[in-house]
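Chains here go by letter, A, B, C, D and E, matching the order in which they are written, and residues are numbered from 1 within each.
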Amino acid sequence: MSKKDEKEKAIALTGDSEASSPPDGAKKEENGSGGSILLFFIVGFIASLIVGWIVFPKLLYSQKKQPIDFNHALHVETVDEGCQSCHFFRDDGSFSGVPKLTQCTGCHEEAQGEDPEETKLVEEYVAKGREVPWLVYSRQPNCVFFSHAAHVKMAKMECVTCHGPIGESSHARIYEENRITGISRDIWGKNIAGLKRNSWDRMKMDECAECHASEAIKTEVSIETPMLGFFNNIIRLAFPGTEKPGRKNSVQTQHEACFVCHK
Amino acid sequence: MKMDRRSFLSFVIGGAAGTALSPLPWKVTDDLAIWSQNWSWTPVPEDGEVGYVNTTCSLCPGGCGITVRKVGDRAVKIEGMKGHPVNDGGICILGLAGLQFLYGPSRIASPMRRTGERGENKWQKISWEEAISEVSKKLADLRSKNQSHALACISGYDGGTVPRLFERFLTVYGSANFVRTPAVRDSYELGLYLMQGTQANAGFDVENADYILSFGCGIIEGWGSPVRMFKANSHWKETGVKVTQVEPRLSNTAAKSDQWIPIKPGTEVVLALGLARVIVDESLYRREFIASHTAGFDRFVQNVLKDYPPEQVEKVTGIDKAVVVSLAKTFAAAKKPLAICGRGRGAGSESAGEIMAVYALNALVGNINQKGGVWAIPDPNYIRWPELEMDAQAAAGMQKPRVDGAGSKKYPHIRNLLHRLPEMINSTDASPVQALFVLEANPYYSVSDSAFVRKAWKKIPFIVSFSSFMDETAANADLILPNHVYLERHEDIPGAEGFIKPIIGLAKPVVNPQFDTLHAGDTIIRLAKMMGDPIAKAFPWEDYEACLEETFGDKWEALGEKGYWIDAGFEPSPWNKAFETASKKFEFASDDIGASFQNAVVKAEGEESAYPLLLIPYDSPRISAGRIGNPPFVIKTVADTVIKGKNGFIEVNPKTAIALGLSEGKSAVISTPRGSAKVRIHLFEGIMPGVVAMPTGLGHTAYDSFLAGKGVNINELIGPVEDGSSGLNAAWGIRAKLGKA
Amino acid sequence: MFPFNFEWIWDMSHLVFMGGLWFALNILGLGMTYCIIKAAIDTSKGKGGEHS
Amino acid sequence: MKNDQAKKYGMVIDLDKCTGCGACMVACMAENNIPFKEDESNKLDSITWMRVYQLTNGKPYPETDICYIPRPCMHCEGDHGHSPCVSVCPATATDYSQKTGIVSQIYTRCFGCRYCMAACPYHARYFNWWDPVWPNGMEKFLNPSVSPRMRGVVEKCSFCFHRHQLAMNKAFVEGRRELEENEYQTSCAQACPSGAIAFGDLNNPKHTVNQLAQPDNAHGGQPKNPEVFRLLEKLGTNPKVYYVSSREWVRRAGDNYLKNENPGKAH
Amino acid sequence: MDSALIPKGVNRCPLSELILKLGPVVAVLLWGVVAMFMCWIKGLNQTNMNDSYGFALWIWADLTVIALGGGAFFTGLLRYIIGKDKLKNIINFAVLIGFICYSSALLILAIDIGQPLRGWFIFWHANVHSMLTEVAFCLTCYFMVLTIEYLPLILENRQIDRLPFFHNLSHNMHEIMAVFAATGAFLSFFHQGSLGGVAGVLFGRPFAFREGIFIWPWTFFLFTWSAAACGPCFTIMLLKITERITRKKLVKDDVVDLLAKIAGWMLTTYIIAKIIDTWYWAMVTAPSLGFELTDFYSNNPFYGMWILILEIVVCGIIPSIILISKKGRSNPVSFMTAVVLAVLGACVNRWAMVLQVMAAPVLTFEGWPMYYPSWQEVATTLLPVAYGIILVALSYRYLPVFPQEVELNPVESEDQGGKAKKAALSGAEVSPARA
């Protein structure tokens, strides 16, 4: 450390020691500065709230337009079987998801109307045999295995429960992509706080767990509320061996085992 | 207001509090967690509709049916075709890795012309038009100099429309030099021809035999149709069929057999004849067959078997005479005993004597064209193209003897003698081969005595490879006209090695060609058309697919649907109709046969004094040794006692190793009269003392970085040894010495 | 770690283990908070330092 | 699902039939997007969920004998109520499902501490020392049902669980909840040209594996068939992969025995 | 130059000399940092670990430094809970060593995992049944304790102490230090044990597996016990080395003697327990799994039977006998020998419980895999050593680590460096006699 540093330090130290034990005359000044300190606190507080709640979400997501402004409402009107007309199950039990170009070509070999979006489809994709690079709002990371069959066919869930009333939309929403993860905003949900009003507002693992943690226990064992489960576990610990095999699915979590939703 | 230190601190604390109450830190943490779980450089395979395509695998002559699973337009997995008569759902290790050939790094992406020296791997991409016209000009030039017979074609196969188109091209061009790479079927064809008088392939009813005596066949290493043999092996285990394996090394087959009889290498024929002698001596043969349907039996017994009493057999083979006798008795006592031969995979020919000794054994027990025996399977003769119109040049060229000498007076019954080609080229100043086509073969690597092959290669002025992969031959060619790989093309695959029913498999394009390649059938048709009449006239089809459709005619649609055609009701000819020899009987001792037995034992090359050990090659089911190199998945399964890093290992019995002062893992040099190589020692109790063994299929210099440079190409060390009577290459090993490195 | 984590179960092992953890963390946290607050108060009372 | 319907998927491998050809290894690699490097000859860092070991009887020529033994993940249940690896994972990245008896591994959860590898006596777990690289468009053959793993995580045989998921999908669409034996088969069992690998529900008496192994669930799944054994049975890992061999030395090689000890079961 | 920062009443070498002497240590540190970043950026393929040696040099180093850092918790326990007040003269040093050991351990763990950015999953997605979870939790918490224990020492730096707030903070922390120490002792007991449990619960690995009580295998208790025994020895060893380097007597001999005596008794009881454990394991546990003791030791030089003898006899029985006898403790040579052996014993024990566990084959058809660390592993393992030396040097220089130093090394004149040095020199020579 150079001598200059030392000097500076000494000055700083003196300044500090003075501040920490101010002479009587300074007390008044301190009150005034106390007010300004509070003000600074509030300014910092509010500024960061604004950044966190308003600026940050805007920065976090990049906005992308769908290649074609798809009109779900119009299509639902014309087709016979609702969502299933285009989003159907294949014979092997897999779910077709977003339609391939061939399905579009079925009707749109040539433009049926005047809509510029349809013209775009026909000219840029159908004519050239190029797949439409749809942006999938509900696309999950690659580690996720999701069985539409289990939810739609077995659990008889409605499409709306997870996907919302997308079938009623007449325009394709802007697709927002998280700049960090590259995942659609629909997974986290519109609400930046992660709160949800509708069942389809979020598609994170928490949403899966919400059902799988409770429903699985209900259907496969008995109704076991968290408290009851707690006491049952104590009993099991106290009297080992009374456990029924197959009582739970996962050894680790006692909910559903990881492979149910992961690959 | 002054922003002093305290105010600033206050501001920061306020900011921190506000931030904590905003979603920012929590959301960023969550996003970072997701980010750290999905690295952008880890590929995400595209999903899509799953579909299946049934086709035929042509990686080996096994003729298995395969089902390729596709997701969208990608092929993602190859599986065995359920219900296929040859492999019924099973599949071998190589077949499973087939997609690595399709999408692999050693694919050749477009036609290429060599720019640097041969083997330098400097290439220029050219158009198909340019490539074909270049070949056309060269060939026209050659033909104009009355040198049409100097065109040769080495092909990895000769059944089916594609090689037949090439052969047809050569014929109408004026060259008889269509040479197929060697296989044990050459020997079997010869045996069938001499003893039964038939032009046929040998089929083995292994599923119904009740005792198997194998003279070194790698039943588990890929002999015949590999999956079928695996299934047969399991069937034997289930039904208690005993297997005796005779070979000097504890191969996988020997390990799976019920009895392993180690034998001095190269003396299998002596054991076979010794067994025959015991069977005759003890009258254990099937009289009804011998009496009514064979000729020359007495002469065989007197002229041949007299030399093989058990004592003599013990001396030559190293097998205890009691074992010889009991083996003969066991064999003869079985109801449907089957003797087979063809070392390892059967990728090379055997001496005529050995084949016929084994045939004789089967004949002694009457197991010819019987359930559980050896059958003569006629070629499914389905290719009937219009007669060729040959001009004078073509006719003259076809009159010229073949460069390999096959079919000549010296080797009258042999169709292909590839091993003679290097010698023929090297023995004259001007190479008798002025232009060479190579189709689905890799002779630069696979013909034995590599140094000699390289020398011959240099003398061939113009070499065209049709390979899909940058194999050694392609790397040392002048022009590459890359073929589609088997999963991109239509092709008929007649026959399945050793199978007992006539069958034709159809290969179908599973995916669109991945590169700018062209079906070799189309290439040859386009070449013919470019060369003009009379050659063009012989190829009246618009393209290969039209040719294939026309060839199959009304069978085409059914073939396409099922993926194969089979003569399910085929039965072998009964004894009274089976034999087309002069005597119409099974021939034991014609002159040709007698000569074969006289040269039965093929000695290994080299002097014992200089080379005290015997080096034998062995086949491993995990190393592809055919025209195709091991793909990355398969090379991954190779044990670290076979390859370690780039080093290849040689198997040595601990006794031999101790005598030489060598221990496990040590570096050593193996030398033979043909060459030497650096190897590492692997001590193996399962190999006969005095014998050392190396795997085939390693030591590639071309292909990709997953394969190249690993281990030693055994062809560098072993040369051909001609069977005196047939001309076939009957080398089974070579004398060698092993020293510290 | 928290009851809202998917892995959480209301059982003895979680209670004991996580209880121990949170107990320890709380002692440390509260202890340090106490020390800091007390130090701040002491300082404002004029204790400590070279001047005391 | 009722309790008694819990499944216990397992394997019975016939070592008399197994030829050591290695098809199961490649079938697994091709199905499960296993990466490969230029040099895979160091077997200690080479990922092969299914690995075929070579055993020798240790006798000199010509009494030598060889046996091949394919080793997938054993999907241990553990006599202690937990498999060796599952209970040690600190981040709950591996789990045992009572519904199927399958030990899962969640790659995105794993952070690569390798404790599970230390716990597994079968070396069935593999660490991704390198980032997986598929050269020159080879990523085209990747199977979308199995997520490729990144560097720094542990992976292992899953009994091709994705095939179970896909088969269940099909069953669901057809209104079933139960699978037939042939609807869910692992890639190795399907490919084995020798038919040496049988796969199915050990709890289901109709399934081949149950008939071959005759597991005694009252005694930790010990096989009642005297020719059947499991690897390292004494450790109490309770593996769900059974082996059949008619050869005594092979059965003995399956576990550790004191010098004068005879295998517990009367073989 | 930096005299304002140096505690009052002690003598320190010129800053330039310190920089010069620490130069090579910093070089080693930087080498380690380079290796560390290589491991983070390129991945663990930079090491020579493999699928057989999932745990290798690093985990051994980790377990060892934690065991040796155990001196902090045990001295703290004795000082604050048991009330051995005399130990206040060495507690600072013990805490400092503990702090270094634990921060190193955490750093090594951060390098050792395959996906360092996901390391926090061990907390967030904790599996409470895993010994490693317990290790991670207690390790982190205990590291916090050590930081809290180390903090007042930093605050006592002459310049920082001048600030009233920090002075008060340090004072208050001292006031309730017993609470922290108690928490630390509790945490330490569990994580030292859990580290033993890490190996002991591996029922697939007969070399490591031990029976035990409830969820804890015997190794759980043995590890805690051995850390309590060998940790103080390590503190003493480093103290002696520090004294040798500084050429000063820093702690009075009665303090050291007390700590050594307690450590000696801990070591004696530990080694008895360890012998019983080994005996039971060799005679009952292992044979029931089909293993004889000789199966666990190969004839290759790395994993020979010598390890067992070295650990139990040479590094266990011998030092414990020396340390519990007054005579053994009073002879400087035998005393140092015992201390060093005890430290070595802990190292050997952790070596066996990490590396040999990995190497001893369990499948009958496998051999002993071999392993030698890559330079990246060695460098990152030396990194904490270098970092420790630097931190000790700086702490010694600027903080009142040794309360007895002033008393033992009276400084005549602050301004006359040469004289002071001389005094210090003579002090080092004189002090043993004085004690």
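By definition in this document, a residue touches a chain if its C-beta (ideal position, glycine included) is under 8 Å from a C-beta of that chain, and two chains touch if they have at least 3 such contacts.
Note that the coordinates shown come from a computational prediction; the quantities given were computed from them, not determined experimentally.
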Partner chains that chain B and chain C have in common: A, E
Least hop count linking chain A to chain B through chains in contact: 1
Selected pair, greater C-beta contact count between D-E and A-C: D-E
Longest centre-to-centre distance from chain C, chain (CA-based): B
Most central chain, Cα average position: D
Separation of mean Cα positions, chain E and chain C [Å, integer]: 26
Centroid spacing, where centroids are CA-atom means, of chain C and chain D in whole angstrom: 47
Chain centre separation in whole Å, for chain D relative to chain A (CA means): 36
Centroid distance [mean C-alpha coordinates] between chain E and chain B, Å: 63
Shared-contact residues (touching 2 or more other chains) in chain D: 42, 54, 82, 87, 89, 92-93, 108-109, 131, 147-148, 150
Two or more partner chains touched - positions in chain C: 6-7, 43, 46, 49-51
Multi-partner residues of chain E (at least 2 other chains): 115, 118, 125-127, 129, 133, 162-165
Contact set on chain D toward chain E in their complex: 42, 44-45, 53-55, 69, 78, 80, 82, 84-85, 87-93, 109-115, 117-123, 125-131, 150-154, 231-232, 234-237, 253-259, 261
Residues of chain B defined as touching chain D within the complex: 37-39, 41-48, 71, 74-80, 87, 89-93, 96-97, 99-100, 102-105, 107, 220, 226-227, 230-231, 233-234, 237, 250, 252, 255-256, 260, 262, 514, 621-622, 632-640, 643-646, 653-655, 685-689, 704-706, 710
Residue ranges of chain C touching chain E (in the complex, touch as defined): 1, 5-7, 13-14, 17-18, 20-21, 24-25, 27-28, 31-32, 34-36, 38-40, 42-43, 46-52
Chain B residues touching chain E - in the complex, by the definition given at the top: 32-33, 36-37
Of all residues in chain E, those that touch chain D in their complex: 43-45, 49-55, 112-116, 118-119, 121-122, 125-127, 129-133, 136, 198, 201-206, 287-292, 295, 357-358, 362-366, 369
